[in-house]
Amino acid sequence: MTSALVVPGQPLGPAHAYVPGSGVHVFNGQIVSSLVGQVVTTASTSTSASASTLTSTPPTISVVKPSVAADEEGSSATLLPDVNSEVLCRVTRINARQATVAVFVVNGRVCGDDFQGVIRVQDVRQTEVDRVRIFTSFRPGDIVRAKVISLGDQSNYYLSTAHNSLGVVMANSEAGDPMYPINWREMKSSRTGVVEERKVAKPF
Amino acid sequence: MASRAPDRRRNNPPSHGTTPPVFLSTSAGDINPVQAPSRPPDEIRKIFLRTGLVSSVTGSSFLEIAPLKLSVSVLGPRPLPRTSTTPFAAQAILTTEVKFAPFASTVRRGYVRDSSERDLGSRLYQALVGAIRRELYPKSRIEVVVTILDSEDEGDEVNTVCIEEGKTVEPRFWDVGRSERALGVVLAGCITAASAALADAGIEMFDLVSGGVASVFVDGSEVKGKAKEGAGPGRRYVRDPSIAPLDEGAPLATCVLGYMAARDEISELWISGRLGTKSGTAEMDELVDEAVAAARSSRGVLNEAAKERIQFIVDKAQSADPSAVGGKDTEMTG
Amino acid sequence: MPIQIIAPAPFRDAGDSDEEGEGGVRLDIDNDGDIAMEGDSQSHRKTQGRHAGQIVTPGELVTDDSQWMRGHGTYLSTSDDGAQCIVSSLAGTIFKTNKLLSIHALRFRYVPEIGDLVVGRILEVQTKRWRVDIAAPHSATLLLSSINLPGGILRKRTSTDELQIRTFFSEGDLLVAEVQTLNSDGQASLHTRSLKYGKLRNGVFLTVDAGMIRRMKSHVLTMPTSNGGGDVDIYLGVNGYIWIAKHTVSLAEGAGSDAKSVSITRLEEEASEAIYSNANEEISPETRAEIARIGCVVRALVKANVKIDEEMLNLGYEAALEESLVGFDWGTDTDAGKRVVDLALAMRRRE
Amino acid sequence: MPPPTPLSPPELSYLYTSLTLSPPIRPDLRAPSQFRPIVAECSFLPHCNGSARICMAEAGECIVGIKAEVEKDRTTKYATIIERDKWIEVTVEVAGGGASGPGSGVGVGGISGAERRAVGGWSSDIGPVLLLTPTSHPSPLLLSAAANVALDSTFLPKLTSPHEVDDIPAFSDDWAISTPLYEPATFPRPPISLPIVAVGDNVFLDPSVAEVAAAEVGLVVTLTLADSEGNCDLVGVRGMEVGRGGGKEGERKGTSRKLLRQMVDACIREAGDVIKGLGESTRQQMFRA
């Protein structure tokens, strides 16, 4: 359910009547908009199982900025990686301890600037962590799907590929040919047939 | 795919050629500054404010108040620069930059920011920093860049002693606060426009900040505006005063502020001039109230401008025929 | 008058203050605990009239008597007549230990030593360690493995802890720690692996010159206060950083009372939740006033060049109470500090 | 220099709560409208028309020198002597680059906005040098008190050439007949900028660095003594950057008009005494010299 446009500072209703969602904040016992956009109220998603608790959850109220058409740049404005965000990144540097990457897609949306992240050797895969070697998991230039596990330090986000669906999604061989995955840890060059080792993401 | 890192060290030319703009008329008569029609002292000038004019940045706005023209770009939230000295930022770092275009005033401005531009930048920062929900954007920075394309000249020629054939001609009055007043009007415009650009960028804010200016004059014999009740003897208040030489003499003091109307809070305040304090802060209060009233007026324009583009998108999404809905300029007074 | 404007006073050298008795007291303080002093009065005169406690400047001849050994802050030189002499390389006071002559600088940066209790502030969070400002020439390091991890000492450090490093200490946080090791260039490595150490809460921070803190057996004092202030903890960091806070029943003490029932691991678990919290306890206005008063006593003592130890703090606090500096008198009366110090010194002499 | 390390959250919250109490407890037990004592010295730089040195225990030390110069009029290209009682610009430049930390720049602006005084034909350069302890920031009070004392102790050489606009003016070498920039017992006196912060409903004059970090709102209020009865004129108000630490999210983001009144009012009450006190101290020293 959507309604008319609101601007930052505009009160939307008493704080006890709603659960504040995104794009709003609470001031003086009022839910106040923080964005220009449309008000969206969603009824509480509590299932019937919670009916035993008699208190009904009030609806969630949020303000959503309507997404601009895809051709318009800048729509991905306030995109920042957060813990558990799924990202796409390009490997820029590797060493024995970690792979440094440039994040360019956050939650399926292209961001304006690259965010720097690292995939530490212990975060490459779930099992047999001690046997992981960065050099057989990533090469510079690979496109990797990963998950943010920590905001990290001042310069790096910490990423993890420790899941079947996470890992290298696109890679070129040493000769520069595109490769396709053949199993969970190998990719094959489409031209020469050379097989290289990678931490491969499970194709959908 | 991400594009390669943009070159931030210099102003790059557009990648394609440009055509010089052709204006309908370049006759001399049009070049003359527009003479502001006389308006009541409690009315601010017409404001033209639009958002989303610069496509390459996150949010932008363009503002015109009579001779003042400025554009604001908001970049970010974007990653912090990767230097070893950058500290961890739990909340977004706001940077504000105000620059006069070299052609913005009668005297050519240099490309390096001068002290008044740096000062305007720090005041704009003051006005905005409290309003932005910076804690939502950790490890990032938000940049607000204001370019002033045209401004009322804050030059000092009124104050200059003219010398004609060896004779000194005294000016009729000494407009002390003239340059401050000019900067104040610019600052108020910057605040309003920057709020619109931040809203356009979709950056969460506690409230929009609008700018307001007011001056207090000694009420001369020829009374143009009615004296305010209880404003003390012979005090006259003018909202959004013009910078052009004033007939009624120099103002006693000028107040510029950034105002959050929904919270009734002043985020930035700047008073200069001379106010008596025999009755405590009464004289100041009057002036501040006038400036707040001016800020409230510009807030109306700001609200409309902030909604305008979003409304356009909503209409476009809803309407089967997008051409039926056109963007309409917001032009109104408070 | 809301403001006190003081005309500049001409500089008084140490000789002047000696006559007024102030400097004499300071001399006592500087030298007590130095056993060799009294018996050596004969040899004093041989050091060309220079006596312990006297101020020398770099390049100044300390003695040409060959019976003295060269200590810190001095170097050997050859005088005009070819004799070996000891020359000061610091601006400071002469200090003698048996036959060893050394100069203690008037002002100096803190040089960490193993076992020192220091109060520090986190400068930077790195992957597995923190950089900590302890007022030393080099910032100290605190390794993730040198802190008490929530869940108890016995818990193994995991990579999750590395990701959560900022939840233990982040930039600006204050902590009390012990210097564990020193590396070759004098950089200290700290540890907080004791319930005595850790994050600082419930109080105020102030800095003094490192030289103003006398080394004591214990640098954590608990002081009973008047006016309903309750007990106040004072952490006198050897590095000159001081933390004055409301007394909290330390976990070790708590364990002492009912140690029978609580196993040490249980205790650790219970402690773990709270030790890295940023929230202060409820602190009464009375306690806050007494904490501020102790802070003022410390500042007054430092201003009068009196070294801070447990005795002086207690006397200073007593004197502050005796001067009936209740409420805000301290703030409006700018000479109050001087009177308090004088009174405290008088009380000390009496004892 | 790395940026100053912020205070820790427990420190800020302790300070915030102590300052919001009624009556508030400042860390140094000062009363809310009590200033820290300052040491003021004047006229000690021989090459300056006026100079001052101000020391504040924690906020550091500041030296200001005033050098007057005859300035050529920009439009006429002649050196001109403008009649007295006209205003001229006084530029303030801070040496030593104290451009970081909260409160910087404010004091300077506060003075330059207000300090336009009757000095016919003279252009004065105020050049403060800040000698600061590393933990402090350029306190607006430190700067403006120094500028105040320096202006108050400024003497200009006597003009000997007749008042001809085309001439380069000539001045007497005799300092005994030099005239003070601010004639004694005339008004207004040199102005002073008072920093003030608000925490909760309490306002504090001359805040320390920690108090600025915990404060929600800060102002620098510039006032000048308008007459012999101690009435002040308000010549400038500016916002001061404060830390906004300690308070809860979603609370005060600016100042309400009521709080603004309260803050300016507190400054008005104390400014007269501060300016008079500085003036007396200056005159005593000048007299002795």
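Order of writing sets the chain letters: A, B, C and D. Residues in each chain are counted from 1.
FYI, a residue touches a chain if its C-beta (ideal position, glycine included) is under 8 Å from a C-beta of that chain, and two chains touch if they have at least 3 such contacts.
Being a predicted model, the structure only gives us computed values, none of them experimental.
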Chain at the geometric heart of the assembly (C-alpha centres): D
Pair joined by the larger number of C-beta contacts - B-D, B-C: B-D
Most distant chain from chain B, judged by the mean position of its C-alpha atoms: C
Averaged-CA centre spacing for the pair chain D and chain B, given as whole angstrom: 28
Inter-centroid spacing, chain D versus chain A (mean Cα positions, whole Å): 51
Between chain C and chain A, distance of the C-alpha-averaged centres to the nearest whole Å: 49
Sites on chain D at which at least two other chains make contact: 2, 250
Chain B residues counted as touching two or more neighbouring chains: 87-88, 131, 206-207, 260, 263
Set of chain C residues in contact with two or more other chains: 125, 171
In the complex with chain B, residue positions of chain A that touch it: 5, 7-11, 23, 25, 27, 32, 34-38, 65-66, 68-69, 72-74, 77-78, 80, 90, 102, 104, 110-116, 151, 153-155, 157
Chain A to chain C touching residues, read off their complex: 120, 122-123, 149-150, 152-153, 158
In the complex, chain C residues that touch chain D: 1-8, 121-123, 133, 171-174, 199-207, 278-280, 283, 285, 288-289, 292-293, 295-296, 299, 327-328, 330-332, 334
Residue ranges of chain B touching chain A (in the complex, touch as defined): 1-2, 5, 55-59, 75, 77-80, 82, 86-89, 131, 133, 137-140, 199-208, 260-263, 303, 306-307, 310-311, 313-314, 316-317
Touch list for chain C against partner chain A, complex: 125-127, 159, 163-164
